[in-house]
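Just below sit the structures, each encoded as structure tokens.
Look for chain A in each of the two complexes below; its partner is chain B in the first and chain C in the second.
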Partner chain A sequence: MIKAKRAPKKRGMKEGGGIAATLMLAPSVIFLAVCSFYPFMWIFRYICYNYNGFRATYTGVRNFTRMLSDTTFWNSVGTTFEYAALKLVFIIPLALLMAVLLNQKLRGSSFFRGVYFMPTVIATSISGMIFTFIFATGNGILNGLLQNLGLIGKPIGWLTDQKVVMYAVTILSVWAGFGNYMLYFVTGMTSIPEDVYESAKIDGANGVQTFFKITLPMLSPVLKVVLMLAITGAFKDYEAIMVLTNGGPGNRSMVMFLYIYKLIFATQAGTQAQIGYGALLSLVAAVIVGAVTIIYQLVSKKLDDVV
Partner chain B sequence: MKKLSFILALMMAALCIFSAVPAMADEKTVITYWTNDRHDMEYLNKMIEKFNAENTDNIEIQMTVITDEYENQILLAYQGGTAPDIVGQSVNLKNFTDYGMLVSLSDYIAADEEYQKVNEPYTHAFEGLNAIGDDIYWVSIGMRSGVRIEYNKALLEKSGYTAIPATLDEYIEMAKTMTAAGNGEYYGIGFTSSSPFERQLEMMAQVSGIYYYDYVNGKFDFSGYKPILEKGRELVAAAYPDQQGVDNMRALFQTGNFALWGNASQEAGVFTQQLPITEFEWGVAPVPSLTGEIKGALQTTLSKGFLMMSSCENKDAAWKVIKFFQSEEFIKGYLENGYCLPITSYMDQRIDKTKIGRLADFSLLEYESVYPAVPTINLIGDDYRTTLWNAIMGYVEIDAAIEDLNTRYNQAYDEDILSGSVKRLVIADFDPLHPAAGTATYLDK
Partner chain C sequence: MAKNESRVVYSPREKAIRAILWVFLAFMALVTIFPVVYVVLGSFKENGELLVGGSNIFPKKWVIQNYIDAWSQANFAVYTRNSLFLSFGVMILSLINATMAGYVFSRKKFPGKELLYGIFVAFMFINVGSVSLRPLYELAVKVKMNQSLWAVILFSVGGGQATYIFLARGYVNGVPKELDEAAKIDGCSFFQIYTRIIVPMLKPVMATIAILSFRQGWNEYILPMVFTMTNNNLRPLTVGVNMLKNAGDGTAAWNIMFAGATIAIVPILIVFCCFSRYFMSGLTAGAVKG
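Then we have the complex of A and B:
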């Protein structure tokens, strides 16, 4: 077996295949090195420095000790988990449900597919801005609607009440993202052979049984990919939150990448751009996201074994 | 043959010389200027066009407006050798001078009496803002006023008020009364989500003699803010039930949703052009203080200036451009267009104040001044404005917020001094009513 694998490689090298392969690989490798490895090494370079874009001052382990006592950062990590959980709980079932409905080949389903996908192509800053008008307490569209329907007595402080702001943030992120995942699911469903459904129908399966016994199991490879994308995406979200709440009120919606952004770009009064410290926090955040992804993959593998 | 060659060579040389002369005459010295100011673009374009057409030094100004990441873009251009010759004032002076990016204008200024007469550079040199020690890097052509209270006269009158009171307690009482009278239709006061502490309460603290940096001892001290935060809680309880972006809140003020709004002189243009108030009369008043007595200067901001980059290859030409931007003719037009308030007594006497409209209501007060730049530090967590506002909103306790700020700011400051990234600013003869008058010293520890 081993010999059979090695033999073609040797033949290739002798025939000049190695040079050709090197030349063909070179653009990708160079591109990867410049655009991926170099920035990554650059991050490592400054984690022991105070660097404001102008001058780097070596500070030893100071950034590490600061990180350990930085309660704002650790609270933002907790908020990120909360946000990711809330988003995933709503976005995946909703995307799946809409995909199933739109896969029924009913009249107008292509139109609605487009409508639901549209938020994905709207700039995050614009959607964040639009939702500030929707969620405004005194003159907001949502409160006006809920009050007219008699569902609430007094306006809800969607963006100013610490108890509800996370729901507002979640609504925006679900609205902006579910169309994308829905499209993945629709694509996955179209690859399920039609005759499987016909067999189920002949066997007398109803819609619910067909979904749970056929659609969902046969969609599981797509579902796993979508879940992984959704998890990593949710942990990295910050742009819309920045526009909608800027992490407030009282840091209640401060997610970790928003905090890092604020440090690196010195958005606060009287503070320096903290590229070194921000680089360290970015690494820690990357480790957290990586750990969550690995845990998810282990769990999904276990589930595969069980199923 | 030899003779023919000589004549040909002579003809070629003559051709070269004659063809070169008009080219040299056409070749202009281009001075590039970057700014992040957009509001005055129309006036700048008009004046630059005039300068380019009329100046006899064959200089051409090319202006570029950079709207995002202004400072970073200048830095990147400087590092890449493509920096402009002149940049607008919105840069961190210390960072730029530490990095050797700027040229001190002191020698040019000293040799130019006309410039001194119009711009009064030595009177308006502010430590850390436009000057470091004896080196002046830019001189402002105008000022933005400190915060004022803009108020809806009709709503005040409904509750029996005609003017803004001098004490914070009376001001709070007035806001409460109007909110109660509004019964949900309108409110006494409104706050924005964008730096809300800065736009009213911080300035009320300043005129009450409370500031976050203790210049005499060279350390941060937030202890004085406690009474302001306590009263701030009362004020917020009477406020419009939402804190939206600045423009949204301006629109709500313009439509009579609340009576009291705080912001600086830019509101003159906003409420006459951008969101013109037509349904009611609006007034402008100084911010109240804790006791009614003025114990500290109200902070103002330098408005527009021009800095020369050290990478500039035609420094004398760049200085001529700066002189043009700071000439009496240019500044007069700039001020009369209402872009900012005059900073010099000379220009104050030269402008036609009937042309500046509602900006006249924001004229500088006797106790208004620029404060020396407080060293920028590597702070973790929220800045003081956010933290103090969080305390007002009740997200954190007032005492805890003050203790947290004193600890975090001074710890970061001490560590930055230790690492050499910043020096301790001490002004032993600091006077809160004349903050720019003291002598600054920078200590290594």
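Then we have the complex of A and C:
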């Protein structure tokens, strides 16, 4: 009895400010409820409806059957995988290479680091726009430079040719993002002790051997996190692509989140918003991203066991 | 290979290798900086020169007419004001919101705390893309908030808050609890401890949050685009300059678009040059969560 009586008093002495704490936490909880939780629940409300922003009619499984036969959507899923693969193949080795070189402590390293990181602070919508100027077929500077150097005979249709547009998209995303991953690697490398390198040098290891025998293995925890971030990031990219190509030419660079955006906000003149269908595709897209993430986790764990 | 600079003596072969590496680094820096230099210098070209193209980077004739036109005719004065309002709004609200929540999460015990925090973190990873903007838009229309940028500011803060709360909570955890206790003995209330003890101690992490949220607001694109579909006078720079591109006769107005793009990137680049430390520390601190 005495204990029970004393406990609340002690707690009151020690803690206090319950109302203040509630009020201070309230904004973030309200933000969470309104900006994160509510939209998520809202999606489920409409997946079985045909909803154009004004009127919603229940259509049962029609959205679902439509999805199964929607080749544009499945092509956009394929394009998303293609884009993610292209981006990762270039951005991770490049980021790693630049980080290793910066780690050599050459003159001006911190300046270079700042320069490589710079594109990440520019709005993706603006960098997308800058690259539409650079990639322009007729008057773009890239074709101008390549022609001047005699590397190409006639202008390349970077954004109008279905065969090359994915490379243009990849160049933009690698330019805009490699500094990000580079910085993770640089930070990871600072935790590798110097004397490991020194003893490797005494043993006569050259630069390449040092990289594969020391840097890479000791960096593998960081590498795993970076790969994870890069994979999920690549699947979610669509803002820059929207500005650069808007999915064209002929849906060649249409990634799934861009296709969904177009369905939901009816950006093309003369089309109606198809929100219910877009909501369903959003869920499917989220599941695809989730599945890729889980598969990656399993694979990287398996690799851990083997090595 | 990484060495303690002051002590190491390089052999001639090593010196040569290091020189080659340096040239490569410099070349990559040039490639990285090229698009920015190209657009900034291009904004001083006459439209005729831009439309012809070629491989000139420097203008044949320097003109500032593009900026005058962009500012007065193409509404860029309004866009710039909106961008400033948006980014400072996001920054200030994010700072207040994240430090308060981080303080409570770090210092206050209450039932369900871990669960609530877990939900915050979980929604960092659940991504359904643009679809979540639709209910928010309809909500803003319902409460008549779609006629000002406040809705954009609030939804931007709400969308980005988890990372900042994470940063703030981590930092408050590092502040010794003895300081709180001492302040409490001196008669400070829970809220006074926050304003007098915690906030002054949080300056470094607040700088990081301020920089990151300012950039977030300045660079926000799809959110304000959706909310300003019908209202040209609310558009920030990112949206306004891209509207020109989609305006159909976009090719004709390259000079205005170059000037607009420059106006949109130069302020954030200046902020980056002054505070690059905070941009980078914010990134690596945020990575710990991964």
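Definition applied: the second predicted complex is superposed on the first by the 269 of 307 C-alpha atoms of A that agree within 3 Å, B and C clash if a C-alpha of one lies under 4 Å from a C-alpha of the other, contacts with A are read in each partner's own complex, and residues count from 1 in each chain.
The definition used in the following text is that contacts are C-beta pairs under 8 Å (C-beta built on N, C-alpha and C of every residue); 3 or more make two chains touch, one makes a residue touch a chain.
Quick caveat, the model's predicted, so the values are computed rather than measured.
Engineer: Chain B versus chain C on the shared chain A, clash or fit?
Structural biologist: With chain A aligned, chain B runs into chain C, so clash.
Engineer: Have a look at where A:S76 lands relative to chain B and chain C in the superposition and call it first, second, both or neither.
Structural biologist: Neither partner.
Engineer: Considering only touches as defined above, state whether A:R107 meets chain B (first), chain C (second), both or neither.
Structural biologist: Second partner only, chain C.
Engineer: Check whether A:R62 is in contact with chain B, with chain C, with both or with neither, and answer first, second, both or neither.
Structural biologist: The first partner, chain B, only.
Engineer: More residues of chain A in touch with chain C or with chain B?
Structural biologist: On the superposition, C touches more of the residues of chain A.
Engineer: Applying the touch criterion given at the start, work out whether A:A136 contacts chain B, chain C, both or neither, answering first, second, both or neither.
Structural biologist: both
Engineer: Please indicate which partner A:Q147 is in contact with in the superposed arrangement: first for chain B, second for chain C, both, or neither.
Structural biologist: In the superposition, A:Q147 contacts chain C only.
Engineer: Let me test your reading of the model: by the given contact rule, A:G248 touches which partner, first (chain B), second (chain C), both or neither?
Structural biologist: In the superposed model, A:G248 contacts chain B only, not chain C.
Engineer: Regarding the shared-chain residue A:F54, is it in contact with chain B (first), chain C (second), both, or neither?
Structural biologist: First partner only.
Engineer: Of the partners chain B and chain C, which touch A:S173 in the superposed model: first, second, both, neither?
Structural biologist: Neither partner.
Engineer: After the superposition on A, what does A:V115 contact: first (chain B), second (chain C), both or neither?
Structural biologist: A:V115 contacts chain C only, not chain B.
Engineer: Can you check which stretch of chain B gets into chain C in the overlay, out of 4-12, 76-84, 166-174 or 400-408?
Structural biologist: So the stretch of chain B that bumps into chain C is 76-84.
Engineer: Intersection of chain A residues contacting chain B with those contacting chain C?
Structural biologist: 53, 132-133, 136, 138-139
Engineer: For chain A, which residues are in contact with chain C within the complex?
Structural biologist: Listed in rising order, the residues are 15-18, 20-21, 24-25, 27-29, 31-32, 34-40, 42-43, 53, 98, 101-109, 111-112, 114-119, 121-127, 129-134, 136, 138-141, 143-145, 147-148, 175, 179-180, 183-184, 187, 189, 192, 194, 197, 201, 207, 210-211, 225, 228-229, 232, 236, 238-239, 242-243, 257, 260-261, 264-265, 275, 278-279, 282-283, 285-286, 289.
Engineer: Within the complex, which stretch of chain C touches chain A?
Structural biologist: On the chain C side, the touching residues are 1-5, 17-18, 21-22, 24-26, 28-29, 32-33, 35-36, 38-39, 42, 50-57, 96-98, 100-101, 103-105, 108-110, 116, 119-120, 123, 125-136, 138-139, 154-155, 157-159, 161, 165, 184, 189-191, 194, 215, 218-222, 226, 238-239, 241-242, 245, 254, 257-258, 261, 264-265, 268-269, 271-273, 276, 279-280, 283-284, 287, 290.
Engineer: For the complex, which residues does chain A have touching chain B?
Structural biologist: Residue list for chain A touching chain B: 50, 52-55, 57-59, 62, 66, 69-73, 132-133, 136-139, 155, 157, 159-160, 162, 246, 248-252, 263, 266, 268-272, 274, 277.
Engineer: Of all residues in chain B, which touch chain A in the complex?
Structural biologist: Touching chain A from chain B are residues 71-72, 75, 95-96, 98-99, 193, 195, 198, 240-245, 248, 252, 257, 374, 376-386, 390, 393, 395-396, 415-416, 419-421.
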